[in-house]
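There are two complexes below, and they share chain A, which is joined by chain B in the first and by chain C in the second.
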Partner chain A sequence: MLGLNKKDFGLLCLVTFMAAAAPILLNPFPETSTLSFLNAGYPALMQLFAIFGIVLIGFNILFGLTGYLSFGHAAFIGIGSYTAMWMYKLLNFNVIISIPMAMFVTGIFAVLIGWICLRRTGIYFSILTLAFAEMAYRLSYSVLTPITGGETNLSPDPINDPMILKGENGLTVPHLFGFDLNAKYVAEVGNWSFTFEAGYYLCALVLVLSFYLSIRVFRSPFGMMLRAIKANNHRMGYTGLNPKPYMLAAFVISGLYAGLGGGLLVAMDAQAGAERMFWTESGTIVIMSILGGAGTLLGPILGAGAIKYMEKILSSISESQLHSWLSILPDGLEDFLVYILANFFVGHAWHLTLGLVFMLVVIFVPGGLVELGQRVASRFRRKGSEDALVSKETPAE
Partner chain B sequence: MAILQVKGINKRFGGLQALGDVNLSVEENSVHAIIGPNGAGKSTLLNVLVGKLIPDSGSVMFDGQSVLGRKPHEINQLGISRVFQTPEIFGDLTVFENVMIPCFAKRDGAFKMNGIGDVKKEKDILEQAEAILDDVSMLDKRHMHSASLSRGDKRRLEMAMCLVQEPRLLLLDEPTAGMARADTNNTIDLLKEIHEKRDITMAIIEHDMHVVFSLAERITVLAQGTPLVEETPENIKGHPKVREAYLGEAQV
Partner chain C sequence: MEEIIQQVVNGLDRGSAYALIALGLTLIFGTLGVVNFAHGALFMIGAFVAVLMSDVLGDIREIGSADDFFKLVQVVEDPTQTDFLGRPLAVETSYWVIWFGESFGNWLSDWAVPIAVLVSIPIMIFIGWAMERGLIRHFYHRPHADQILVTFGLAIVLGDLIRAMYGANPIQTPMPDALNGPVDLGVYLGYEASTITYSAWRIVYFFFSMFIIAGVFAFLQFTTFGMVVRAGMADRETVGLLGIDINRYFTMMFGLAAAVAGVAGVMFAPIQAPSYNLGMEYLVPCFVVVVVGGMGSLGGAVLAGFLLGIVQSFASLPTWKNNLVEWLGLDDSNLIANLIIGVDQIAIYLIAIIILLTRPRGLMGRKGVMED
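Let's look at the complex of A and B:
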């Protein structure tokens, strides 16, 4: 179906279902429950899941298939964001213009940057991409301030911006042909409250399409060539294949996905800032990719989701919440544990937890969350069916 | 007619003259062996032929076209394939995928963007890949991860990857090293059969004289980067210069 084999089609259905039902699935705890802070089913966070899922799907085509580690992908998100913002400022707020333009402009940058960075391989390639991203970040705070807004971020100004396509009473918030992306429907079911937002569903739709395309790429001759580059770059040449254009194509595709992500970020929240291009953002993309499982189909979505979830939830846990959970413990111990947790593991210190989780995954399940899932699944299956090893023929989902 | 003409090739690595004024011509449809002691420069010569190394001077003509300065993939597309001394395969991929890739390279050229099609639906490619794996009797290992093959199997796989391209000139760098006797004999038979059936010119580097004398029509002896003799197998056996090259140290 849709040119996919049964297994892949099943995966596509799964992702489609999860994306469509996320507002419900991610809100398992009633509003009144003490665990409701674990809920992730609110639009702002779900948008981030979807958007970073998209960016990571693209990044996976580069890093997962070819093994070339780009350390500057956040720059493409930034370029996409600024482009989309300028479309609002110059033309109008219809995302049907801003998002494709974000991809187009990012694509041009990706061709140029890729063409230069791909003159080197391995760590030198990574350093070059990092250098470009740093350059983009620094420039947007200095010479490029007129374009990027510098420290004050860039946001639309309905009074002074031309907005030539806006018309008399055109919307001044991101919309799709006049349909406000902030429009939402809230369903109250008992103590639960589910929010269905137009913006999130736009992101979810793009996520599903991106996922579908990535399956096609994975199964295509092009995808096979990319895996061959990872396996043995030299052999490619001696087999009559030119690795350069394949690499550049992979790089540009991943750049386009990142530009798409940038465009969507600005479609959800009409402002763009240079901090999106800071090197730690690029690093987060790499960590998401490895945590989820590089080179697998589901890995990018899982990795992006897991980290965005940890970022939001762990950082929101407060000291008083910790006190209330640990109140059954003797006072001294309670205070001690709260002190440790609050200062090292949650709230502002959530990065340490992320670091520990990342270390554990890399050491014990180098294949990331996808491998973890497969191991758990095979535990549950009967022991006789050890033929999971044979299925190495196609890359793991 | 000579399909490959090597003239006056020199290559130095620092103070070491790896190749010194090498002249060699390989006749079309022949099997030409290059033998010589370790470090004689045999692999270095092949590196020059496939574009891995650029010599300091000299010329290499393949079928009337200069090879020097071309990229490895361009040289391969001209029709030169090489089996390396240490097997160069796509270790992360399955055996079957390893042979599909050269099929794509032959059909689609050095670059073709097809990111939507499904490799499993490329009928002609699948058939070719299957046929060649059958020829090297590795069809039963088609789903294996190629990195986990034995050394001998890796070599056979690499040979299949080269043969499936039906190159005009096949360069083999010690194709039977690391193989058991039976596999060596199978390889000899396979190469003989391919040579007769498909008119592939072969240049083969070997230490195993059994292989050399079973296959070669002409033999060039290389020592310290310079060709000493070029002869037929019959004349090479007792040739004084050859004995000197191999036993030189003992006589000094």
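Let's look at the complex of A and C:
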């Protein structure tokens, strides 16, 4: 169906269902319960899940399929954000204009940067992309202030900006043909409250479309070419195929996805800042990709969700919460543990936990969450039949 | 002419730091074949050894340290004096002054940073050794991407450990009083007085880094140990066939590289107040330095380090940029004019891109290193 085989179609249906039901699935604990801080069904957080899922799906087409590790992907998110913001400032707040324009402009930059960076491979490619991202970050932070807003973020100014398509009483928040993206419907069911937001569903729709496209890319002859580049670049050349155009296409596609993510970020929250382009942000994208499982279909979405969820939960845990959980322990031990956890692992120090988890994943399960899932599954299956192991699908190498 | 010399010397301290970090990176890459993203973190840890030593030696001039645990300073409220809010003045006295008398105690606190260099060497060698044994060793046979990723994760972990201990703000770690203040270099070079001035500590930093670089090169060139290491860098397998346990040597080299980055960080602490992201800040330029110098070439790393430091200092010189903007007939609000003014932000990256595209192996790179 839809040009997919049965398994892929099942996967697509799963992702569609998860995306559609996320406001319910991610809010499993009642508002009043002590576990409610584990809920993730807030529109702002779910938007981030979806948007970074999209960016990661694109990054996966580059890194997962071809093995080229780009350390400058955040620059494309930044370029997308700035473009979308300028569409608001110049034309109007309709995201149907801003998002395609964000992709278009990002695509132009991706062609230019890709054309230069792809002349080198391996670590040199990583460092070239890193250099471009650093330049983008530094310029937009300092001398490009008229365009990027510099240290004060760029945000729309309904009084002074031209906004030529806005009309007399046009909306001054991001909207889709006049439909406000912040429109919410809150359903109260018993102790639970589920928030359905238009903005999230826009992101979710784009996520499902992106996912569908990425399945098609994975299964297409083009996807095979990209895998061939990862497997053996030289041999591909010997067979008479020039890998360059394929590489550039993959780079531009992943750049487009990142620009799309940037445009969506601005559609959800109308401001754009240079911090989005800092190289540790690019590093976070790489971390998400590895954590989920590079080269797998579902990995990018899992990785993006896992990191954003960790960030939200870990940074929200407070010292008093720790005290209440550990209150069964003897007093001295409790204070000591709370001190260690509060200062090193949760709250503002959550990056340390992220780094540790990331290191453990790289060391022990280089295939990420998807490989972990497969290992667990095969452990169970082994009891049934041995040949289930043989047919195990390996991630694209 | 004076202006040009001034910019060259201005670039030297940053160039020295680049050269020292890049030297360590190249040592690790050349011997173990590992791209170490955690090397900036080692530089940062070195700088925090300086902070630790100024705490321990009771340096009361230090500002911004959140951690009073190691600070050997006695705080007594003196009711006879008041501060600007009218409260009794808290007088800080180093315990070293109390224990060993005024002159020796003050001397110790004053020279905390140079003393930290000596302390940092064993600490850094141990950290490097532990890193290689505990982590990097298991990654020799994994792809380069995995090595980059695991060391990147380690860099995050080390940075945030330091932040958890010392807080997020930069900590002012002063240099010895005797080396504080400017030196009039113009007089020594035969120009008029106060045309070329330079901070004394930065001159010390430059000569210190030259000394370390010369030491590392002499060690590799003139000792048996260094000979084995160089042989191993050239052909690891053959050295192994000669019955030499080359891994043991390489572990030592990792420790040495960590120590080089560490002492570079210690001495840099008075120049730039260390904070937890100092490592990340210097890592990216240093990778650029290594790539420009040529992967695996020690001389190239040092040369490119100084070169890029000086280029950066020239790029931040306003005179020629203003002249260029005027010559092109642009006004200040023009985008291109803005880009020219801001070129110091991106100079080294531009150079890296140009070098990588025209001389793929870098300035002094060898054939067959990191080429697939």
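Going forward, the second predicted complex is superposed on the first by the 382 of 397 C-alpha atoms of A that agree within 3 Å, B and C clash if a C-alpha of one lies under 4 Å from a C-alpha of the other, contacts with A are read in each partner's own complex, and residues count from 1 in each chain.
Note that contacts are C-beta pairs under 8 Å (C-beta built on N, C-alpha and C of every residue); 3 or more make two chains touch, one makes a residue touch a chain.
The shown structure was predicted, so the numbers you read here are calculated from the model rather than taken from an experiment.
*Asks:* Where does A:359 make contact in the superposed view: on chain B (first), on chain C (second), on both, or on neither?
*Replies:* So A:359 only meets chain C here.
*Asks:* If you stack the two complexes on chain A, which partner ends up touching A:189: first (chain B), second (chain C), both, or neither?
*Replies:* neither
*Asks:* Which partner, chain B or chain C, is in contact with more residues of chain A?
*Replies:* More residues of chain A are touched by C.
*Asks:* Classify the contacts of A:13 with the two partner chains as first (chain B alone), second (chain C alone), both, or neither.
*Replies:* neither
*Asks:* Go through the superposed model and pick first if A:377 touches only chain B, second if only chain C, both, or neither.
*Replies:* Once the two structures are laid over each other on A, A:377 reaches no partner at all.
*Asks:* Contact-wise, after the overlay, does A:121 reach chain B, chain C, both or neither (first, second, both, neither)?
*Replies:* In the superposition, A:121 contacts chain C only.
*Asks:* Report for A:351: first if it touches chain B alone, second if chain C alone, otherwise both or neither.
*Replies:* second
*Asks:* Jot down the residues of chain A that show up as touching in both complexes, chain B in one and chain C in the other.
*Replies:* none
*Asks:* Quick one: in the complex, what on chain A touches chain C?
*Replies:* Going by the criterion above, the answer is residues 67, 69, 116, 119-124, 126-128, 130-132, 134-135, 138-139, 142-144, 146-147, 233, 279-280, 283, 286-287, 290, 343-344, 349, 351-352, 354-356, 358-359, 362-363, 366.
*Asks:* Quick check: in the complex, which residue numbers of chain B touch chain A?
*Replies:* Going by the criterion above, the answer is residues 50-51, 71-73, 76-77, 81-82, 84, 88-94, 96-97, 100-102, 104-106, 108-120, 122, 143, 145, 161, 165.
*Asks:* Would you pull the chain C residues touching chain A in the complex into a rising list?
*Replies:* 35, 135, 138, 142, 144-146, 148-150, 152-157, 159-161, 163-164, 280, 284, 287-288, 291, 295, 333, 335, 338-339, 341-342, 345-346, 349-350, 352-353, 356-357, 360, 370-372
*Asks:* In the complex formed with chain B, which residues of chain A make contact?
*Replies:* 3, 5, 216-217, 219-225, 227-228, 230-232, 234-243, 245-246, 249, 253, 390, 392-393
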